[in-house]
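Encoded as structure tokens, the structure appears first; notes follow it.
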Amino acid sequence: MSVLVGTETRLCVSGITGSEGSFHTLNNRAYGTNVVSGVTPGKGGQDVEGIPVFNTFHAAVEESGANTAMVFVPPPFAADSILEAADAGIETIIAITEGIPAHDELRVYTQIKRMPGVRLIGPNCPGVLSPGKANVGIIPASFFKEGNVGVMSRSGTLTYQIGNELAQKGFGNSSIVGLGGDPIPGTSFVDVLEMFENDDQTELIVMSGEIGGDAEEVAAEYIAEHVTKPVVGYIAGFTAPPGKTMGHAGAIVSGSKGTAAAKAEALEAKGVRVGRTPTQVAEIAIEILGG
Amino acid sequence: MSVLVGTETRLCVSGITGSEGSFHTLNNRAYGTNVVSGVTPGKGGQDVEGIPVFNTFHAAVEESGANTAMVFVPPPFAADSILEAADAGIETIIAITEGIPAHDELRVYTQIKRMPGVRLIGPNCPGVLSPGKANVGIIPASFFKEGNVGVMSRSGTLTYQIGNELAQKGFGNSSIVGLGGDPIPGTSFVDVLEMFENDDQTELIVMSGEIGGDAEEVAAEYIAEHVTKPVVGYIAGFTAPPGKTMGHAGAIVSGSKGTAAAKAEALEAKGVRVGRTPTQVAEIAIEILGG
Amino acid sequence: MDLLEYQGKQLFARHEIPVPSGIPARTVDEAVAAAEKIGYPCVVKAQVKIGGRGKAGGVKVAANAEEAGEYADAILGMDIKGFTVHELWIEEASEIEAEYYAAIVFDRSARSALVMLSTQGGMDIEQVSEETPEAIATLHVDPLLGFQPFEARRLAFEAGIDADLIRPIGEFLTKLYDTFIAEEAMLVEVNPVIITPERKVRALDSKVTLDENALFRHKENAELRDPSDEDPQEQMARDRGLTYVKLDGDIGILGNGAGLVMSTLDVVAQYGGSPANFLDAGGGSKADAITSAVEVICSNEKVKAVLFNIFGGITRCDEVANGLIEAFAQAKPTVPFVVRLDGTNDVVGRKILADANLPGVYTASTMNEAAEKVVALAKGETP
Amino acid sequence: MDLLEYQGKQLFARHEIPVPSGIPARTVDEAVAAAEKIGYPCVVKAQVKIGGRGKAGGVKVAANAEEAGEYADAILGMDIKGFTVHELWIEEASEIEAEYYAAIVFDRSARSALVMLSTQGGMDIEQVSEETPEAIATLHVDPLLGFQPFEARRLAFEAGIDADLIRPIGEFLTKLYDTFIAEEAMLVEVNPVIITPERKVRALDSKVTLDENALFRHKENAELRDPSDEDPQEQMARDRGLTYVKLDGDIGILGNGAGLVMSTLDVVAQYGGSPANFLDAGGGSKADAITSAVEVICSNEKVKAVLFNIFGGITRCDEVANGLIEAFAQAKPTVPFVVRLDGTNDVVGRKILADANLPGVYTASTMNEAAEKVVALAKGETP
């Protein structure tokens, strides 16, 4: 098995006729992902290298049986596209678009949370790769092979970096999940921890966090209570400049949370080993799983 | 047993310090209803004949353990009060207020539908009476005694009329539920049919409808599929002037539905006997249950 | 509350829905002045709250001032399906390439707003709905999320709108929804939405129904009410906060609660009577409401007898009784009354009434009995 | 994007939040003219995007034109915690009976907006939060339902607001929420909200942070950016669409993706180096973005060596390589570079770079190796 994307994935790409959209769609298809359709309003009836394009997600779902969406449209239109995919009955929506307004993300998150069975990954994320099965997004798949390590990360390129370090040590991956770096991600570490815990293929979970928010602290609590599989952590930003706080209100809300040190400490307090460099993450993985 | 209100009811009244609010609150208490508190912003700390008044529903729930709300505030403030009660954890909200703007009702209905465990009765309804147990609202309880007939109605005074006819024939009631006559009622016939079907005390269900909307038609379908207890119907408005239709759009939406004749026909098609006068309803009840 | 076409268009304009420019007029002189300002050809349109004015001759295109005056003169005062034309709307003539239909209405069944769009505008849309329902694209809106751009697009694609108009029609629908929400309408309907030769979208007509319960939040809309086209009794009832509908019969009816009043009409009809009106004195009817109600009912000269059917819940029977006594003192009705009082404070109410011993007032203990008596009285019989 | 106090107040005024009247000034003459217009006493306030300006002498009450000029002269150009004062806000003096605190902020943990209210305004609210957190009433808002009147009331009651101010404070919070939503802010903060002797509520200060990603919908807000108070390198980076933060060290850093750049800083630090900046060239970095990045990094004279750490996903390594070649042609950097290219099109990218044979450019195959090399180079050693 794998999580979120795999052999069952039937992908519809929103923004398929854009240059980046078509480039990555074709990349994903070349990898073996079952790309069944695309959506570009006004270009219904056309095709992109044989992939049929529809005017609406509703038509795409009805005609092509899509169950997964990849959203590639520019920021002003991305929230609308995500909501459309959800309304049309798409189950897994992977939003790559960077720079979506925060209030749009807030409305989208709140709406989708109320729609049972619909999951949003991202926005501002690199997507999800289940090596050997499907790649949805912009993760350079050639670096990764099938295996037993599940990776989840708030950062895009850092995910590749860590995946690459693991690969160089001989590890393959069940799935690599990019959660995105925006203030309101659709899916959090806790959600993916639950998936990896229930995934037969995954034997070790790597969690790559960064400064800001409290997603890592919340995940630490969750791991202690619900996760039986070993978890290795990484936190970026130990030497990063202190982030801009949002006035006094922001400081009151976040309290002392949010620093890399606090996050690493929270994880270690729950027995999660935290690597200090991507390389060290791979070394810990070897110790746990054997080389 | 009974439905919606009973011996478990712990009532908090919004608008308790108004003249109508206090009058009916004290009436309800005199009947035996467990009135535990009231809410009037700015009058927290006062009391109405010993009933403590709070500034917010949240304080009322916390301090007095209220589980049921009666909303008696004027129309401009009623939607806010209903949402407050729901937010504070009140399970059953009975809104008496007449004249709430339709868009307010739409927002309130949509929000409450998403809050599991919260039920809104009304607005613009006379409330719910479970004779011998509790009375929440403005139904004149002295006309009714405990018994085995469940009554539900879209109209206020017509409910009393029908209940009275039944009482004169010797029937008592499990519960009398006023659903309210507004375009967007919180609870529909179908909801209460399910409650009466599951209520031990109820042996016969009387459903009093009126022209407009399609609640009776929907109920007819539900009765045929899910209700084992006998149901007697009544529809007001056979000779009423044709209601104002909302342009062509309204006619398109409602189609041929909405007339008293169409409603009676829909019910009779599903085997529900429909009385042509309130008196006839009572006569049919005698035939079914025995005098 | 229904608005006249031009009032609806003014509302539309507030929300940036494109409408042809125009000027309202109440006299021939005003109409000609308006036409001169707008230029020719212009359209002289009867302003009445009923459809079918075109076929009735209430819409004419004027080519010059003379014609404008002639048509204004012909249309002002015209009777269209029982509605007298008191006002005109002089509008610039529009070039029309296509006619669409768009509406947003409160859908009671679904408990949400329904948006409708069709390319079959300009004709009888109800017929389209019956014969080719698939020609009307419909969509329910989540009131908390609001009408989304993708929903507008989807409607436009499903209605089969031309590709170049998907975006402008979507924007049109979005603004129509903005109007629906911001003005708290029960209905906004545009038939036809026109497409000009320049491929611009415009609302050529408007039908707007506002929520009366929400007018307290819309002072400027509350002022749009036009009492001139209301029945004098209905106007009087409205002024006094009563729900009154005039009917054809001779038995005046008053009750508290719409359901009970409708039931009363039914029962009176079953006893062979013919109601003169529907009057709901409302919940918590006070003495002065009763006085007003009696005045309204008796101001209809057809009324031969009156039935008071009160079942008190929030209404208190003692208040009703006192109100009736006051009404008799003030309005001195000359027709007989049958009064049935039950419910809250009924014993006190009945006693008050008995003590007052009003002339021509009969009592009844049930609704059926009351109906029977009032039907007899209306026929000149003694019950 | 942070706004200056007076810009925030102008935003507030748009949404009918009461603020004292005032006039911005950039020179002493303008300040005196503003003071003359406003009358005395008036307040001369430094406009800087940092707290604590009062203690730093950046806020003075002027009793007459002479004082206004004197204070304006003193405050203009003043350095407050590293921020130079370029602008003043001359404001009518307010009478203060009580000082409250109100704010709405994006709460990432709860993924919703958090509204905060306290009667302990005017002082260090963070200290209040630590010592007596119960003195700050807080509430999360459902973004689809919106901020409800009952929520505003509840906050006011829970904060212990005086009974006569429950309603006006509730309205104040509602307008603050309207501002937060309509202007797409990440933060609106008022400290203090003042209560005047006439029991009126007013915003005496403002702190507003707008969402940069939403500025395309708010053209008028986008113009509020004040480049004068930005670091020249940061300004250059922003103009070119790069995310750049200047740091204290001597190793220039460029990466693609914030996480990878942060990780690169950490690894460089672990090898004993000291980063000169954070620079995220972003997803899909094109050749011209790379050229710009090199220019920005090298314009910092402290930089002794530069680390390029690219792991291509949406970014293509061949584009980065070409960009670097172009950058070398244009900017002719004098410091050594360590370049690590991995990911999409990395083989091609590395070949392009090898073929170009740029002076002082070293390659590395891992991030650790790259960090080690650049640290050595910055120390003047040969890796």
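Note that the chains take the letters A, B, C and D in the order they are written out, and that residue 1 is the start of every chain.
Here, contacts are C-beta pairs under 8 Å (C-beta built on N, C-alpha and C of every residue); 3 or more make two chains touch, one makes a residue touch a chain.
These numbers come from a predicted model, not from an experiment.
J.: Give me the chains shared as neighbours by chain B and chain C.
T.: The shared contacts of chain B and chain C, listed by label, come to D.
J.: Report back the single chain whose CA centre is most distant from the CA centre of chain B.
T.: Looking at centroid distances, D is the chain farthest away.
J.: If you average the CA atoms of chain A and of chain B, how far apart do the two points sit, in angstrom?
T.: 48
J.: Can you work out the whole-Å distance between the CA centroids of chain A and chain C?
T.: 54
J.: Rounded to the nearest whole Å, what is the centre-to-centre distance of chain A and chain D, using the mean of the C-alpha atoms as each centre?
T.: Each chain's C-alpha centroid was found; their separation is 27 Å.
J.: At least two other chains touched by the same residue of chain B: list those residues.
T.: 107, 111
J.: Can you list every residue of chain D that touches 2 or more other chains, as numbers and ranges?
T.: Each of 144-145 in chain D touches at least two other chains.
J.: With chains as vertices joined when they touch, what's the shape: line, ring, star, complete or other?
T.: Drawn as a graph, the chains match no named shape, so other.
J.: Where do chains touch, given as pairs?
T.: Pairs flagged as touching, ordered by label: A-C, A-D, B-C, B-D, C-D.
J.: Give the list of chain C residues in touch with chain A in this complex.
T.: 145, 148-151, 153-154, 157, 163, 166
J.: Going by the contact rule at the top, pick out the chain D residues touching chain A in the complex.
T.: 51, 103-109, 111-114, 116, 125-126, 129, 136, 142-144, 181, 184, 186-187, 189, 191, 207, 209, 211, 213-214, 216-217, 245, 247, 255-260, 262-263, 265-270, 275, 278, 282-284, 311-315, 342-344, 366-368
J.: Per the contact definition, I'd like the list of chain B residues that touch chain C in the complex.
T.: Going through chain B, the ones touching chain C are 20, 24, 75-76, 96, 98-104, 106-107, 109-111, 126, 138-140, 143, 153-161, 164, 181, 183-184, 208, 210-214, 218, 234, 236-241, 246-254, 260, 276-279.
J.: Mind pulling up the chain B residues that touch chain D in the complex?
T.: 41-42, 44, 55-59, 77, 80-81, 83-84, 87, 107, 111
J.: Over in the complex, which chain C residues touch chain D? Could you list them?
T.: 144-145
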